[in-house]
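One chain, chain A, appears in both complexes that follow, with chain B as partner in the first and chain C in the second.
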Partner chain A sequence: MTLVKDKRNLILTGVAIGIISVALVLLGNPGNMGFCIACFLRDIAGAVKLQTAGVVQYVRPEIIGLILGSFIISLLKGEFKPRGGSAPITRFFIAFMVMIGALVFLGCPFRMVLRLAAGDLNALVALAGFASGIAIGCYFLSKGFSLGRARTQTKSEGVVLPASTILLFVLFIAVPSIFAFSTSGPGSMHAPIIASLAAGLIVGIMAQRTRMCMVGGIRDVILVKDWTLLGGFIAIFASALVMNIATGKFNLGFAGQPVAHSQHVWNFLGMLVVGLGSALLGGCPLRQLVLAGEGNTDSAVAVLGLIAGAAFAHNFSLASSAYSATSVGGPSIYGKVAVIGSIAILLAIASINTFIKKREA
Partner chain B sequence: MDTNSEKVATFHNHYGAMMFKKRVSGSRLAPVPRSLSSSCGTAAFFSSPFDVELSDENLEAVYIKEGESYRMIYENKE
Partner chain C sequence: MKKIDCRGLSCPEPVIMTKRALKEDSEVAVTVDSRVPMENISRFARALGIEPVIVESDGEWTLTLKK
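Moving on to the complex of A and B:
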């Protein structure tokens, strides 16, 4: 009975999120990028000059809204319960690699669904890689993988990340001159600040209430044959699909998709890294933001790992370039090596925390 | 109290839920009900009586269903 209610809430929320996501594109966000946690954290890393790729620098209010929406609603509902201490450094580096995988594909799981809903078939290849990564992660979970128990933390510890996003927003509004902003490329394309912030807040609140998570959804289907969580993302896909068709934004195919490339092997492997890493973290990048808003300091560390990964991805040319009139796009040799290396390291982390730790116990 | 009405056990990790399912016949795994937790882990649903002996370090808490809500009947202290 409760699960039926959970499922209904997830589907209704998913429909609303799909509509909001396409609306943000209509209001100015880059193509199929109503939301993209990876791209937006990368843009923030650029705005604060952790990376200096001129086309991807902007303080995305959506990210600030997502964290604060979750923070506010969890405070109101008595669910702001700071917890942490479950292998924070390991989580930092897993998140770092998740970001590299996402930037090789050019999107987080959330944007992957939005790209799919706009007819971008490259996202279908990525989905196969993503699900494969989660399946590998599930194998380790079912063999006993754990990053260790999180324990209760002080309220002040849990408030640090949400408070820092407030500070970032205040500085963004009050002294924008201290930040770097793209004048061309995806970083220069954005919805009005108030719309972006409101969208982030609303989706943050809804995602906290429903535990919306792409990784958790596929994980539950594999491990316990339960479709509740995945229903949310299927609903996002369906409503964004209808919105895209209605507004003429639907374009079925591989070629010519906005902020995308058609290097199939690397779309597959990039998202395999994201699926595997996120399964080990216990949630996709969106979920990490929402959990950080609830005071989960392990997720806050993961968010910092994502930002650091984005900075490295651009400073060391690991991120893919998008298809354009002059280039087919895709990852550089550095990006390819980073993806293969990330898969090897994630498998090593998973194996050590599954088999060797058990022997020690 | 500890009758044959439905109970839900929550865990610190998925492996804990799997091990619990092996120990408690007739139990089934499903996502933790939203009303119990904002986390998205796996819970074990079962109706046989709960005994502390069934607990291990991965078990977080056990709840009993009362009407549409749940009441905690066991908490594994940290």
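Moving on to the complex of A and C:
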């Protein structure tokens, strides 16, 4: 593929994703939450009662669609190649911390872009933190950071996660009574199931084809001055911005934004954890879902780490509360400690896999 | 010619290793076993004005970059 074609495809994909994202909000998803990989995995963790925060429990068909869209298109294109074994446990815990950081900010990188496109300036503070985290990650990558080589795995190993999402969806449709569903709060707000699933499938297919990645975009600019992936990021922002203005959903400012808070330090540091952790994982939470659909078992482990992180974040009050009429919102003292601790642990993991490994080699 | 083995490595490592190798040698052969690093290294090379010579065999790609 040529440079120009790559860029054009990414921009067209980004425009489509921006439109679909705002459409999901118009169809019932929470504000500025057409897609949020962190929030949706957290809601799924709630639906299966890994966490019991009553306002964030729902089986989000978008997540199921994203994994299956990538799974189906990679099978059709001959790109379904199960591989794994590159430090799976390390990846699990990095993803765990990425989720804590995301839930302190209240969004993954994808939702950060959607929040920005709706005028939520808290997301701008978060973007600065996110880019800083990626820059730190790039420092270690350029010094030789590696989680080691992945090896080819059996087809059946690669199918496990996509198959389990199909099982989850079948149970969700056939016996919804076994799950917990929010009756109020963000978990109770959702687009019709078929719309959510279709949106997930379409975006999953497009993200697999274009290798779209929120972390990769900024990382490639820093490391190799390549703007291709960032083009997709900017296109999502631009098309969601136009959609939000057209539908009256654009509201510029810090205060009163949906499912958000204005604790600037913690928005910055929460997304710094996400940027650094995702740079070490080699991709943002969206990219991990897509890679898991392609049979990458390391990414499948990362997805499980994200879900576990979400469960812990709510069970131990690490996740931030949103701004409301009665509260300014933001992280608890536990959330703050968890973010600082995560930064320290991620720096330790990065250092060990950069400098000490080199001496062993 | 410098040869580097990037099989099993995920992005951005293959691109960084290629970049480093190109600083040490004017001709580099990189072996990868996945389409994404193959595309990324090609894109990186073209951005530098180098047209990579790509040979595929058995699910692996060898890209030869000559400055």
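Please note the rule applied: the second predicted complex is superposed on the first by the 360 of 361 C-alpha atoms of A that agree within 3 Å, B and C clash if a C-alpha of one lies under 4 Å from a C-alpha of the other, contacts with A are read in each partner's own complex, and residues count from 1 in each chain.
Simple rule for what comes next: a contact is a pair of C-beta atoms (placed from the backbone, for glycine too) under 8 Å apart; a residue touches a chain by one contact, two chains touch by 3 or more.
Predicted model only: the values in this text are computed from it and were never measured.
Q: Output check: A:R149 vs chain B and chain C. Expected answer is one of first, second, both, neither. What do you get?
A: both
Q: Look at A:D43 in the shared chain and tell me whether it touches chain B only, chain C only, both, or neither; answer first, second, both or neither.
A: neither
Q: Once chain A of both complexes is superposed, is A:Q208 in touch with chain B (first), chain C (second), both, or neither?
A: First partner only.
Q: With both structures superposed, pick whichever of chain B and chain C touches the larger number of chain A residues.
A: In the superposed model, B touches more residues of chain A.
Q: Does the superposition put A:N9 against chain B (first), chain C (second), both, or neither?
A: A:N9: touches chain B, not chain C.
Q: Does any part of chain A touch chain B in one structure and chain C in the other, and if so which residues?
A: Dual-contact residues (chain A): 1-3, 6, 79, 141-142, 146, 149-151, 211, 216, 220, 223-224, 226, 228, 282.
Q: Under the stated contact criterion, what part of chain A meets chain C in this complex?
A: Those residues of chain A that touch chain C are 1-3, 6, 79, 81, 83, 86, 141-142, 146, 148-151, 211, 216, 219-220, 223-226, 228, 282, 298.
Q: Mind listing the chain C positions that touch chain A in their complex?
A: Chain C reaches chain A through residues 7-13, 15-16, 19, 34-36, 39, 42-44, 46-47, 59.
Q: Under the touch definition given earlier, write down the residues of chain B that touch chain A in their complex.
A: 12-15, 18, 29-31, 33-35, 38-42, 68, 78
Q: Taking the touch rule as given, give the residues of chain A at its contact with chain B in the complex, in rising order.
A: It is residues 1-3, 5-6, 9, 74, 79, 141-146, 149-152, 208-211, 213, 216, 220, 223-224, 226, 228-229, 282-283, 287, 294 of chain A that touch chain B.
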